[in-house]
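Down below are the structures I want you to see.
Common to both upcoming complexes is subunit A, partnered first by subunit B, then by subunit C.
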Partner chain A sequence: MLDWRWDFTWDILPRLIAATGNTLLAAGLGYAIAVVLGLVLALAQRTPYRAVTIVVREAVEFIRSTPLVLQIFFVFYVGPQFGLRLSPWAAGMIAIGLHYAAYLSEVYRGGLESVPKGQWEAATSLNLSTARTYFRIIIPQALPPSLAGMGNYLVGIFKDTPMLSVIGVAELMHTANAIGSETYRFLEPYTLVGIIFLALSLPTAALIRVFEAWVRRKLGMY
Partner chain B sequence: MTNEPLQETGAADAATPMVSFRKVTKSYGRLVVLDSLDLDVAEGEMVSIIGPSGSGKTTVLRMLMTLETINGGVIYVDGQPLTHMPKGGQLVPASDRHLRQMRSKIGMCFQHFNLFPHMTALENCMEGPVHVLGLSKAEARERSEQLLEMVGMADKRNQHPSRLSGGQQQRVAIARALAMRPKVMLFDEVTSALDPEVIGEVTNVIRKLVSEHHLTMLMVTHQMGFAKDISDRVCFFYGGRIEEQGTPEQIFGNPRRERTRQFLSAVKEAV
Partner chain C sequence: MSYLEFLGQYGDRILSGTLVTILLTVLASMLAMAIALAAGLMRMARSPIVRGVAVVYIEIFRGTSLLVQLYWIFFVLPLFGITLEKFTAGFVAVGMNLGAYGAELVRGAILSVPRGQWEAALALNMSPAKRMVRVILPQAVVIMLPSWGNLLIELLKGTALVALIAVTDLMFQVKQINGTTFLSAEAFGTALIVYYVLARFMITPFMRWLERVMQRRLGRA
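Now for the complex of A and B:
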């Protein structure tokens, strides 16, 4: 039989819930970076300058083709050799933000390409500048088809935050490991971590679908 | 209406055509779409362009709207080169600033309307006046509401395009283009995507424009009866050239060229 101890479970629960705050903060910050930087990477691939397009596309491919955990180690441990001395939090946010920015840029790219060419032509006929066409006409229409993909990566980045434990960011996984090495009990902390992730991921996915429908309605697109 | 001071570089006087194609050529690779086209359109003139598909008629409008580049020749609008500018006695490719200044003279309506789906009818009309012409929201709203009234869409001004029929969307698109106060209006097969029963509501708006406004208009159309009714001149395009042009009476009543006759009788049979 499993040796599950409820008193121990209740003892460690407050500590894990406190660490959940850090997990959510890491996921939120990392996602905020990824959402903005991903758009920059997507737009950079659509400029008339071929060299920019090629460099950015290769960089995105490179990031998507190497493991996140390697990128985290690289920024944190190799960064200082280039004069980039960062705290675990800062290094972690840069690595995870950049990693997911690369994925989100592909989501945006699909969304931007799905906007009919006629929308560009109408904007040109009204003499709107390129920047204004993007922000007023194209991006609002690229948003609804991008939301499902964006939601997937929100859940994805949340589930990848345990990787930050490898450089000592005190999030959920790191805290569960610490409890394990202090008490030699792993069953309860890891189980609780799993339950907490499940309890947060499932409603998020549902909320994203509600949000998607709301955005479509808000933009008058059915 | 036109009391603005004339611009220094070759601004239009009464004798200068509003639109002028000079040996304009357009090709995609080996396919020649327009072959050394010469075409003048006078200020206030309504010119219809007819012809079989692939004859280059839509390309004429798209080049005027700067949606297509040109491979040779020069287009003049209001006395100034459209995609070129004079520099050191020669014509060089236009700067972005010049293009934007020239584009402000031209408005266009499309076959598939191309309204912005995330904006209401009114917001569609206000977008350009506010963000390009720099009008205040109140001024832009007033101008847009007047135009929506003119096209009979005032009561639908707060609807999104998805809630409007094709004919209604096209009327909003006409109001949106007019809100920019262009000197030249381009209509690119504006009734081709419409159900037959709503074509009339769009053509009636264009009729109204012709009779009440002093706009220069170019219209690509397959509605021969409509072209006959409202045009000052009809151009029949064939193989990237103007095969024949003349008054509607002459083109539809007494076409001189064999190809024109063939085209018109083929169109008649299709109806």
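Now for the complex of A and C:
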């Protein structure tokens, strides 16, 4: 039956907290890649070239409908087959960044489409270039409606980082597995990992909602 | 080794893995739907205790990772005297996780059934249970079906994680093949394509068909 050992808990807690730093780093880096790359994927679907639109659209669909853990394996193992060796961190960041870029591109796409056509016409009549129109007029207006989706995926990427443990990124789950195999005790490490995730993701989700409301108020939209 | 030779040699293992993945997906989605309905309805109950139970369940399963839940159910639950076989542990973890997400869909859909429908059912003197089953739920189902399509694709993707507790699904098989042959591009690439085909050409068309059927039954098509 259940025997929770507090001395063991205090022993392993510092290790798990240190690994939490790696988890947050992985989530942060992956998200940074996804935010930028997602915008590229969204804009690529709005070029006048139909072929580009179709290829990018299909690639996004493909990435969105296949498992992240499989993509992580794919990126990590396929490189060496062709002579390109990636560290677990590099492979993990590419896989998770690309996966969430596909999700975020859908969020941006919705935001970009919600900008009224009149804004484009006004920019054209002011003789602004396409690039300038995007960066000064369209994207700033597309961001606020995208914020809710972006926030959800920030929490989402954080919760998906344990999958990086499968290729040996030393994040929270990897550390809990290591503790489990060293000590044959799984109750405390896995439970603590669950508690740490809850303790981080619930407040983050709440903060994001507050931030979103704040942005909406600031911009005078309700 | 050419790709055709690869398929000839490992095709049956990939196929058997695919069948396990499909079975896991079907079982996990049935569990997820049952949990989503129960938790979604409990979330709107009048009693704060019932509501609290549902909120705690939903927040725990949405606030932590599926992988953490899977390991917890497989490695820790036996310490409480509940030992699940790995296949069962796999689809239970996936079903419980996606059920928590589904509960919010159920709640949202029920709340977006027009107020007049509730009032009309009340005016016809229907009992609360009958009102829910005969009037509100059928309309809520039509509202939430499109979101369930996305959720089921998430569920299919979630089943890939059970390979990590050695359930012999598609992910597990290609991992094994990769381990013995080092043909990573072939092994993982094939699995990526199979998952894509399952998601795009089986789940999505099936959900579209279901949407049409449900709308027709409500006389809206």
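Everything below uses one rule, namely that the second predicted complex is superposed on the first by the 213 of 222 C-alpha atoms of A that agree within 3 Å, B and C clash if a C-alpha of one lies under 4 Å from a C-alpha of the other, contacts with A are read in each partner's own complex, and residues count from 1 in each chain.
Here is the rule we use: a residue touches a chain if its C-beta (ideal position, glycine included) is under 8 Å from a C-beta of that chain, and two chains touch if they have at least 3 such contacts.
The model shown is predicted, which means the values in this text are computed figures rather than measured ones.
Once the two structures are overlaid, the count of subunit A residues touched is higher for C than for its counterpart among subunit B and subunit C. Residues common to the contacts of subunit A with subunit B and with subunit C across the two structures: none. Across the complex, subunit B is touched by residues 116, 118-119, 121-122, 124-129, 132, 136-137, 140-141, 219-222 of subunit A.
Residues of subunit A touching subunit C in their complex: 1-2, 61-62, 64-71, 73-74, 77-78, 80-82, 159-163, 165-166, 173, 176-177, 180, 186-187, 190-191, 193-194, 197-198, 201-202, 205. Here subunit C touches subunit A in the complex through residues 59-60, 63-69, 71-72, 75-76, 79-81, 153, 156-161, 163-164, 171, 174-175, 178, 182-185, 188-189, 191-192, 195-196, 199-200, going by the rule given at the top.
Put simply, subunit B touches subunit A in their complex at residues 65-67, 100, 103-104, 106-108, 110, 112, 114-120, 127-128, 131-132, 160-163, 173, 176-177, 180.
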